[in-house]
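Following are the structures in question.
Paired with subunit B in one complex and with subunit C in the other, subunit A is shared by the two complexes that follow.
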Partner chain A sequence: MGYRSAKLIKHNLTVLSAWIFALLFFFPIFWMVLTSFKTELQAISVPPLFIFEPTLENFTLVQERSDYMSYALNSIITSFGATILALIIAIPSAYSMAFFPGRFTKDILLWMLSTKMLPAVGVLMPIYIMADAAGLLDSRTVLVIIFAFMNLPIIMWLLFSYFKEIPKEILEAGRMDGCNTWDELKHIVLPLSWGGITSAGLLSIVLAWNEAFWSINLTAADAGTLTALVASYSSPEGLFWAKLSAVSTLACAPIIVFGWFTQKQLVQGLTFGAVK
Partner chain B sequence: MTKTQLIKSLQAPSIILLFLWMIVPLSMTIYFSFMRYNLMYPEREGPAGFSNYEFFLTDPALPDAVINSLILVGSVISISVVLGLLIAILIQKTFRGRGIARVMLISPFFIMPTVNALLWKNMFMNPVYGIFAFISTTFGLPVIDWLSDLPLFSVILMLSWQWTPFAILIFMTSLQSMDQDQVEAAEIEGAGFWAKFRYLTLPHLSRSIAVVIMIQAIFHLSVFAEIFVTTAGGPGYDSTNTTFLIFSQALMQFDAGVASAGGVFAIIIANIVAFFLIKSVAKGMAV
Partner chain C sequence: MKKITGLIGASAIALSVAGVANAGELTIATVNNGHMIEMQKLTGHFEKANPDIKVKWVTLEEGTLRQRVTTDIATKGGQFDVMTIGMYEAPIWGKKGWLHELNFGNDYDVNDILPAMRGGLSADGKLYAAPFYGESSMIMYRKDLTDKAGMSMPDNPTWGHVADVAKAIHNPDNGVYGICLRGKPGWGDNAAFITTMANSFGARWFDENWKPQLTSPEWNHAVSFYVDLLTKYGPPGSTGNSFNEILALFNEGKCGMWIDATIAASFVSDPKQSKVANDVAYAQAPVAVTKRGANWLWAWALAVPQGTKQSEDALKFVEWATSKEYIELVGKTNGWGSVPTGTRASTYANPKFQAAANFADAEMKAIESADPSNSTQEPTPYTGVQFAAIPEFQAIGIAAGQQFTAALAGDKSVTKALYDAQVAADREMRKAGYY
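And then the complex of A and B:
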């Protein structure tokens, strides 16, 4: 066997195994979507059914039992709202830390990340009591605030590392031309790190969208997000897999599609700007 | 105030807000942990000394829960890093449909933890109707009731399915920036796959690996939804981690005092882990 054909075989094997992994990883999602179009009986059939006559019945039933749009709206408002709030707080801070670092900047950043180590379950009680006292239980406001704080440390890290990559000389040149701090931020820093800011925002939206602990424990009917909606279907009564699949598909579809479209940006965000 | 001081003051909002976000609940948790305080019996309120801690720390399930937590964090991180590296390297080759394969590979990362758990519990691990059971019977193998026979492993499997894509995502991008000239030079020198992997790829990825380990540790230390929805910590305490123990032993009983003592304990554990991680891993992240 020649060198060339050996190389070709190796290449084909690599591609084949890549596809096998891709199919394995995607199969559960595919199966969930497929099941959502089955009847309850088809959903639990042995052997599993691949070909069947699809029905929209589950989606209709889910919509009848609970208003999907209101949960979806809560998810959108809380995840986007929290992300915007966190960005507003984080951008000036990260800018200041990146360009005017002090002796403790590194320690402060590590401390910020360590606040994420506080297990939610450890502070649920006080937060619950405070939210109750402020009349904010089951409100979108409380989720926006909590999600914003939850994501603030990660956003700070991301922005800091992006801002760090902007050469100082550009800022100095701007200052020579008479830029004040605000101009500098608006006309130099923000445009140059726009990709980084969007990716930090995207990651924060994904994390807030999928957050389950706080939304399940602090909300009920009014501010319930899609995670809470899904959890409400998890009760053990009977086998409602098709309906459960339908509600899960509905809950995950927006963020998956969002993720597909933004994966390039997202990757930048996830790596703390480590990948240049 | 000079201009520099002015700019430095921009740091204040985030630091102050995060500090409040940390210190207010933390001090309330510490305070409650020394109080007798059950939401069901508010009239029995009063100082409790160390009795909440005694109650929580002498819980016979505690050692199991701590060990389970560590096994969980350790296994999911190992699996996702190893598998993530392998798949990221495979997907580095250009081939037709690579974009689609890539999207398929990272999709599980966007799935909600509750959905992830329900999906695996019902459609894969169910001993009667599940796909795993179907595969086992097809090949004449004994059917495994995953959630009761291998509860902790089942949870690890679900988490790995969700977080390996995260690792792939990061390694994939990092690999794109690898110096291809160097790789070619190594190939000309006769370097095989392992040599290239050991001396080029791995050093190049060290920072991304650090990031993956760090972020996953933060998330997996407080895994809750996956356990809550699937095994409920059981059977017995086989899949109870620290977070879930606090939930089941205290919150379910509305005992804010014991829950808070458990919370303080969880915070201490998390910080010990964080300390070692930051010491060993965060260096690679180079602030």
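And then the complex of A and C:
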């Protein structure tokens, strides 16, 4: 076997593996969408049905029963609001840590990340009581605050890595030209790392959109997000797979479309520094 | 700079848009059951009769609802004005002073509510939750298969007879399994079913001094019978099956027999959902040495938490949703086969209901025969058929359910599983200071 044919086989195997993994990841989404067009009886059919007469009945039922737009609006406001709030806090913090590291900078960064290791349910009661005392239960405000602080460690780490890539000499040159801290951040750091900030923001939006624990536990009738809507379609007694698939498809659709259009920035953000 | 200002502005807008509950707005927490969804659709009638009240719904999965309303009621969060709770929570929360006592006018006819339901939702003689729909458990079986096998299924057959029928109709080569029973761990899943079975074998959860009794010969006999029956004639993967999974199997024609909640009858007899709708027949739950506690009793009920600021409006809603008039409204709007059952004697006396629901008699008989205050052969200090109505039971039931599943999976012997369940129950009861 010549060198070229060995290389060709290796290439084909790599492509094949990539396709297998891609299909494996995509299959649950495909199955969810397919099930959403089945009747409840078809949804539980054994062996599973791939060919059937599709119905829009489940989507009609979801529309009749739930105010989808209200849940979607809550998801949009809380995920975008939380991301904006998190960026407002994270940008100056990451700037300070990247360019003016102190004795405890690394410890602080690690400590921030360690908060992600605590199971959310561990702090449910104190947060519930605080939100109640502040009159914020079942409000978008409480979700914006929680989501922002939930994503802050990840955003901080991403921005810190981005800012570290900016050569210090550029900042020094700016200072020579009379830039103060604010000018430095505004005219040098932000324009140079705008791509990084965008990808960190996109990741935060996706994470906040998919968050379910706090959305379910801190909301009631007004501020529920799409994840709370999906949770409401599981039933203790009765068949619900087709309806659940329909509502899940409706909940996933906006973020999948959003992810499709922003995939370049997202991938850039997630793989940044991976080859270093 | 514009970008930064824009960010701050947008963030401020996002933070300021908050939903605040208004006076005259009732928030009701419920589970996603067919009857509850119908209630949501018919709420317009209540709002029309009470124009100053607007109703908002929060529908949650059963486990999430339980966690959510417990958090809210324990912290007096006041997020919900009406809560859907079960027969397990009602007396415990009522005793703790977390719920408003329910007092209705004469028109409500509280005596029409089935006594078993009223008793199960009361504490110290006070009613704390009004039943919205109730259920017991019974045998649902494929009459076409038993006829073909030359077998019959009387009311309250012995467990031995159930095993004989399961053996006769078991035909895995054709995809039909003799019997389907709950195997998924959980106090409301396998532990609920196995408790009814154990009751009929003469077992009890606790003796008069609150000492757990899981290592008794009666428990061993019951669980051994269950494991043996399901291993021989059950479908593969029974350890993952609870109500919904078995409902799917039964409706697909894969189960010859199923012993579970009476509410299942309305699903398995519905041709839109079930391939075997015309072949299903019903019988009262099996017994071993006693009929006591052989079939469970459960109700989804509406309660008004102490935290609500609108208790008067909330009571009005509970009165409307659990009234005879509401049942009449559902009958007229959606047909008598769709009315919430298991709550009022007048429903079962209604000829329109009798004509629409072929399972009506069997369901009524099952509910009437269940007595939460006398559910075991030996005396006990607790009430409840498939559970003991004490706060500690949830943890004990979950631990025992896991052990039952381990025994069913063959991971440990029945004796070892029951011993481990006993140790867990003993630890929980000591911790709670029962002895």
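Things worth noting here:
Everything below uses one rule, namely that the second predicted complex is superposed on the first by the 254 of 276 C-alpha atoms of A that agree within 3 Å, B and C clash if a C-alpha of one lies under 4 Å from a C-alpha of the other, contacts with A are read in each partner's own complex, and residues count from 1 in each chain.
The definition used in the following text is that a contact is a pair of C-beta atoms (placed from the backbone, for glycine too) under 8 Å apart; a residue touches a chain by one contact, two chains touch by 3 or more.
A quick note: this is a predicted structure, and the numbers were derived from the prediction, not measured.
Contacts of A:F149 after superposition on the shared chain: subunit B is touched, whereas subunit C is not.
In the superposed model, A:M125 makes contact with both subunit B and subunit C.
Legend: residue contacts after superposition of the two complexes on their common chain; A:A231 is shown touching both subunit B and subunit C.
In the superposed model, more residues of subunit A are touched by B than by the other of subunit B and subunit C. Contacts of A:D222 after superposition: subunit C is touched, whereas subunit B is not reached. By the document's definition of touching, of the two partners only subunit B reaches A:I108; subunit C does not. Once the two complexes are laid over each other on the shared chain, residue contacts for A:V46 go to subunit B and to subunit C alike.
By the touch criterion defined above, A:R65 reaches subunit C but does not reach subunit B. When both complexes are overlaid on chain A, the residue A:G196 reaches neither subunit B nor subunit C.
By the document's definition of touching, of the two partners only subunit B reaches A:F26; subunit C does not.
Overlaid on A, the two complexes show subunit B and subunit C touching the same residues of subunit A, namely 44-46, 124-125, 129, 231, 233-234, 239.
Residues of subunit B touching subunit A in their complex: 3-4, 6-15, 17-18, 21-22, 24-26, 28-29, 32, 87, 90-91, 93, 95, 97-98, 100-115, 118-120, 122-124, 128-129, 131, 134, 138, 161, 164-166, 169-170, 172-174, 176-177, 207-208, 211, 214, 218, 221-222, 224-225, 229, 242-243, 246-247, 251, 256, 259-260, 262-264, 266-267, 270-271, 273-274, 278, 282, 285, 287.
Within the complex formed with subunit B, the subunit A residues making contact are 11, 14-15, 17-19, 21-23, 25-26, 28-29, 31-32, 35, 44-48, 89-90, 92-97, 99-100, 102, 105-106, 108-110, 112-127, 129-130, 149, 152-153, 156, 160-161, 181, 206, 209-210, 212-213, 226-227, 230-231, 233-234, 239, 241, 244-245, 248, 251-252, 255-256, 258-260, 263, 266-268, 270-272, 274-276. Within the complex, the subunit A residues that touch subunit C are 40-41, 44-46, 65, 77-78, 80-82, 84-85, 87-88, 124-125, 128-129, 132, 135-141, 144-145, 186, 190, 216-217, 220-224, 231-240. Contacts from subunit C toward subunit A in the complex involve residues 1, 3-4, 7-8, 10-11, 13-21, 27, 29, 31-34, 37, 40-41, 56-62, 64, 67-68, 71-72, 75, 77-80, 188, 243-244, 247-248, 251-252, 254, 261, 263-264, 267, 272-275.
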